[in-house]
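Next up: some structures, all given as structure tokens.
Two complexes are shown next, each including subunit A; its partner changes from subunit B in the first to subunit C in the second.
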Partner chain A sequence: MRVPTPGRALRLVAGAVALLLAVSVVLFVAVQVLPGDPVTQALGSTYTPERGAQLRAQLGLDAPVAEQYLRWLGGVLRGDFGTSAVTRVPVGPIVAERAGNSVVLAAAAFVLIAVLGVGFGLFAGARPGSGRDRAVSAVTLTLTAVPEFALATVLVAVFAFALGWLPAVSLVAPGSGPLSQPAILVLPVASLALYGGAYTARMVRGIVADIAAGPHVEAARIAGLPEHLVLRRHVLPSAAGSIAQVLALLVPYLVGGALVVETVFAYPGLGALLASAVRARDAVQVEAAGLVLAAVAIAGFLVAELIQDRSCPGRAVPMRPALGRLR
Partner chain B sequence: MSERQMSAGVRRRTVLTGALAAGVAGVAGCGADAGAGAGSSSPRRGGRLRLVALGSPTGGLNPLTATDGASFIAMFQLYGQLVRLQGDKVVTSLAESVEPNADATAWTIRIRDGARFHDGRAVTAADVAYSIRQFGDPKRSSTFGQLYADVDLANLKVHDARTVEVPLRRARGDLVDSVLAQMSLVFPDGTTDRDWVKGVGSGPFRLVSAAGGGVTLARNDEYWGGAPLLDEVTVAVVVDPAARLNSVRGGQADYAVDVTPAGARSVANSADVQIRRGGPANSMGRSFEMNVQTDPFRDADVRRALRLLVDRQQLVDNVLLGQGQVGNDLYGLGLPGYNTALPQRTRDVEQARSLLAKAGVTRLTIKAADLQAGTVDAARLLAEQAREVGLTITVEQAPADTYFNDYAGVLSTPFQAFYFINRPAATMISTYTGSDSSFNITGVRGGDFDRQLVSARATVDDAARRERFNELQRYLWDSGGDLVWGYAEQLDAVRPGVGGVQLNQSVPLLATAYLPA
Partner chain C sequence: MTRILTRRLRIVGLALVATPTLLAAALTLAGPHLAPHRVDAIVGIPYEPARTGLPLGTDHLGRDVVSGLLTGARGVVLVPVLAVALGSLVAVPLGLLTGWRSGRGSRLVLRGSELLLVLPPLLVLLIVVGSRAPAALIVAVIGLLGVPGSVRYLRAATARVAHSGYIEHAIAVGERRTAILTRELVPVLAGPILTDAGLRLVGSVYLVASLSFLGFAPVGGPNWATMVAQNADGGSLNPAALLAPGLCIVAFTVSVNLLADRLAGRLRGDR
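Right after this comes the complex of A and B.
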């Protein structure tokens, strides 16, 4: 493994920052052109052009878009995400609170996905084509074919309603966090982890299977090295970088998956906040929540990129199982 | 009971309404109060009621600007109201009486003795005057400014600690029903935007905390109507209706406001959750709106034909999955002032066919967007029903998100599928018909109608005014542009045994609510 040159690392970081800036522009413009504006939404059938103009002026939506953007960006750089035009409340505190809740959910899911995904991936990939490989592949393929919300619905029906073991929704008592009631985390985490874990297992299996079929591994086996030593000395060192990259790419997945899972379980995270803000046409909140989610996703990509540099420059990690056969 | 004696003025109104409503009760089945109050167990003192509703995680507690359900539910427990709707009656609450002068150009509000804000201050006339001024100022309250447009804010007079005079720009005999019953929360004099977070009112519950996505309230032992039974209430925002239903079904909440008809049907046999129907008093009126200023709806026969060809029960059964009431082309069913003397219009295919033949109409286009779930389905079903009389109706589907962006277009659309929150007839007619209306989508206005509406609103005597509004309703029933086919009742999911909840235009009031023993 090589350490990326400081220049290369800096370039990557600078690229990520530029990307985030571009995302912020796209986000801001997208919110402006989103069908339906907060004013017509808020007034509904009581809307009149006069009342609309009045509310628009009240909300500061009558300034040019560029001016609104720069004012907003300036605020974000100072740590001020602005005041919601719809609710007249600063959005910073709620975004921070919700981000914290999302981190708890995502971190728990990440650990579970890493353990299950890498474990089953190694188990299956070390013996490509074996019975255990085929069994793992069949199960993971099935799980990755089912969307998260469907998985979540089945989990609720079974574990909340039929068995009554776990809460059906993840309501957090006002003012407390999800860790004060860990039971509410189980089903959302399981929904994320089943899909994510299956996906990761397929990726890891692909990486490991390729290496396991390589001549040096074959040589070690012919030499009579015990299987666990073959894995530890010859397979894992070559696979580690690629696996780490797969794990880093889970971050953007968890950002997106949280959107679905948080809505189904009414989990008070950033994804649910974004969804309800879009619904309410609350531009400032959409921008704040969207920017934080984008920053986390980009950070995940950046880490994956840096890891790729370290492990094997110029070698791409498979993005999907179908591309799993490496050159 | 929490509501004490009613004022002479309001009592008179209430008795009349009650008499008229006796007929409705048979049609409407159980009213909201009966439905929501009929718990299966005896009242229990204490405990925490956990309520979930649609809303914004940062909805706030500012009644002037709030638009989301969860915030209003919290605010209606915190801030007292002058008067409120109870089923089909208007009852006084924080007001002891609300009396008009001889020509209804000024009203005098007398405030109940002994009502106190949560911080210990007495509720005075100055607080009421301040609250009305805030609601009436369109710069402060974009939501309610229009409702209070006839109030002469500059000349509000505080006579003494408990009396405030409300002068009007024009006579309104219907001020109590049409304005105060819609919105009359009272907050302390001088409340500014910084103070809303404290939620200081005189309601049955006081604010403990308002954190992201949730509000915690505690019993107000000093409440003038007697301390509530519950110790605490939490109001949590849950955006997804399926998740709201699941929260009660799974035992994480006791009361979920507004679930879908499909969801309600899915738990019909569940022992863990009951569905309480709000009745027409807490419903969305669903309609097809015909604009009488446009062709071919200028011809009253075409409007009549459509009202006769529609199969209302089939629409209620299919679109609302049976969880609603059939409409009679008027808004306001189950609420004060509804004309119950008019016969229920039923399907008459033959007459519809001959009216259409006479008018020479064979094709129509209806605009429909899913402003409410199933709006487009309703229009399609109408088209299907119309085929039976040889009328071809084309459904032109529009996106719901941008429906109101073309405001002028909505007002001039000849035929569209629509909805209104069901409000008292006088309010609906005053707001949505006549030349003064800023949202008149049926185009009923001008000449005699305007004169009759203005004079009905100005009539001071309750019985006489009600008669005038009954006449207006008869005219609209006969010649208006609304084809109100049904009322989609609010469906709340409730933990069995929870009772005493009263609905006030779809907002649950929890002063008398209790948990199962």
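Right after this comes the complex of A and C.
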């Protein structure tokens, strides 16, 4: 393993911050400026020029666009995401609560995906071309094809409607967290983990299969080393960096997956908030949820870059979401 | 003998894998004409279970589920195909150029396209939808989201052939750049170009289906994914209204994915 030079690490972090700023500009322009005047929409048939001017001044929409943007960004940095023109309440507290719920869901899914993905990936990749490798590859290829909402629908039909074991929607009582009723987490986590686990297993399988075909592993096997020691001493150490990178890139995946899965189960997370805000044309909420989700995705990507820098300089990144496969 | 047998098995397997995709394509063309009822016609009460004349019952508004299924292939087939075609218009020239000429411009294109890989595509799409972009722009964005991956893929494929003798020969003979691209590179790279389009189709179908499910279908009309979303509440009253479109989506996406994977595997030389 090589430790990244501080200079390169700093450059990567600066790049990530610059990208996030660029995203914030695009987001603000796309949501606040392009769709037209939010005040006329919010007031609807009660619109009069005086009322419009009043609400516009109240929401700070009478300033030039650049000033509005800077004021918004300044607020965001202080944790103030502005006031929604649709609901007329500050968005910050809602975003904070929703983000907490999403973290619970995503963390549970992440752990399950990591265990399943690395486990099955090792199991299949240690013996490339074997029967178990082909079986795992066939199942994971099929699973990675199915959109989360379709998986979730099937799970709901079976476990909620047919068997009645688990709730079909994941409502969280106001004032309590999702952990007070763990049953509501099961189906959303399963929906995320089936795709994520299958994808991770495929990536890990590829990494491990490359290494397992190498001469040092063959030599260890010929020398009669037990299989678990071959894996632990000769395969895992060289695979660890790439596997860690695969796991870091799960973060952007979970951001995208949360958009769909939270909506399916009406789970009160940030992804469902974004989807419903887009539907309600609530610009301030779209900006807030969009920016936080983008920041999380960029952070995951940054970690992956830093890991790549550490463990395998010059080696092609295995898990770049190439080929349009990663969601 | 066994060789003939395994070959036959392989053909049967391919036929099985390809059937849902072919069916979806056929329904895209002919489905609306086969539908027994008009898609928007109310033929019963909401969520009516199957009965004679309505083999899969009715949906949340009391419309015929079978007619919806026959008509709804269009929404999940046409837009992805269009998006892939648009994406190829950008990805193929960029991939070939960056693979052939590794100068400063190529590096810039690569770095720029990597930026697009950072954000989850669905997040980008929701923001585009939130800006009330017209349908054409949404389709274009779906197409563009696949471009960065394609550029990397095609660039690698191009670099493998670009430094072989005959391209250098063409340069030496004085062929013009565009001629080398279209006459020398594209024919040799037809396989990778097609495979890349197939892989991009997988991603586009996923994005269009998920977007439709969330209620933001790029084009209106019935659509398997929107049917799943709309009938989710009636799962206990008429399960067919929910499960039939769900199974159509699953069969179609799995089929497209397996076909693209076979294409890619064939190119890698797997048998």
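In this section, the second predicted complex is superposed on the first by the 287 of 327 C-alpha atoms of A that agree within 3 Å, B and C clash if a C-alpha of one lies under 4 Å from a C-alpha of the other, contacts with A are read in each partner's own complex, and residues count from 1 in each chain.
Keep in mind that, in the parts below, a contact is a pair of C-beta atoms (placed from the backbone, for glycine too) under 8 Å apart; a residue touches a chain by one contact, two chains touch by 3 or more.
Predicted model, so just to flag it, every value in this text is computed and none were measured.
J.: A:Val23 contacts which: subunit B (first), subunit C (second), both, neither?
T.: It touches subunit C, and subunit B stays clear.
J.: Which partner chains sit in contact with A:Pro93 here, subunit B, subunit C, both or neither? Use first/second/both/neither.
T.: Only subunit B; A:Pro93 stays clear of subunit C.
J.: Answer with first, second, both or neither: which of subunit B and subunit C does A:Arg279 touch in the superposed model?
T.: A:Arg279 sits against subunit B and subunit C alike.
J.: Could you look at A:Ile307 and tell me whether it touches subunit B, subunit C, both or neither (first, second, both, neither)?
T.: Touch status of A:Ile307: no partner.
J.: Scan A:Ile113 for contacts with subunit B and subunit C and give back first, second, both or neither.
T.: It touches nothing on subunit B or subunit C.
J.: Report for A:Val204: first if it touches subunit B alone, second if subunit C alone, otherwise both or neither.
T.: neither
J.: Quick one: classify A:Gln54 as touching subunit B (first), subunit C (second), both or neither.
T.: first
J.: Quick check on the superposed pair: does A:Phe161 touch subunit B, subunit C, both, or neither? Answer first, second, both or neither.
T.: both
J.: By the touch definition at the top of the document, which applies to A:Ala145: first (subunit B), second (subunit C), both, or neither?
T.: second
J.: Please write out, lowest number first, the residues of subunit A touched by both subunit B and subunit C across the two complexes.
T.: 35-36, 156, 160-161, 168, 263-264, 275, 277, 279
J.: If we count contacts the way the header does, which residues on subunit A are in touch with subunit B in the complex?
T.: 35-37, 40, 42-49, 51-52, 54-55, 58, 84, 86-89, 91, 93-94, 97-98, 156, 160-161, 167-169, 171-175, 263-266, 268, 272-273, 275-277, 279-280, 282, 285
J.: What part of subunit B is in contact with subunit A in the complex they form?
T.: 50, 52, 56-60, 62, 65-68, 138-139, 142-143, 145-146, 193, 209-216, 234, 236-240, 242-244, 246-247, 249-253, 399, 401-402, 404-405, 407, 420, 438-439
J.: Show which residues of subunit A lie in contact with subunit C when the two form their complex.
T.: Residues in contact with subunit C: 19, 23, 26-27, 30-31, 34-36, 141-142, 144-150, 153-154, 156-157, 160-161, 168, 252-253, 255-256, 259-260, 263-264, 274-275, 277-279, 281, 283, 286, 290, 293-294, 297-298, 301, 320-325, 327.
J.: Report the residues of subunit C in contact with subunit A in the complex, numbered from low to high.
T.: So the residues of subunit C in touch with subunit A come to 115, 117-123, 126-133, 145-146, 149-150, 152-153, 196, 199-200, 202-204, 206, 209-210, 213-216, 225, 228-229, 232, 235-236, 239, 242-243, 246, 249-250, 253-254, 256-258, 261, 264.
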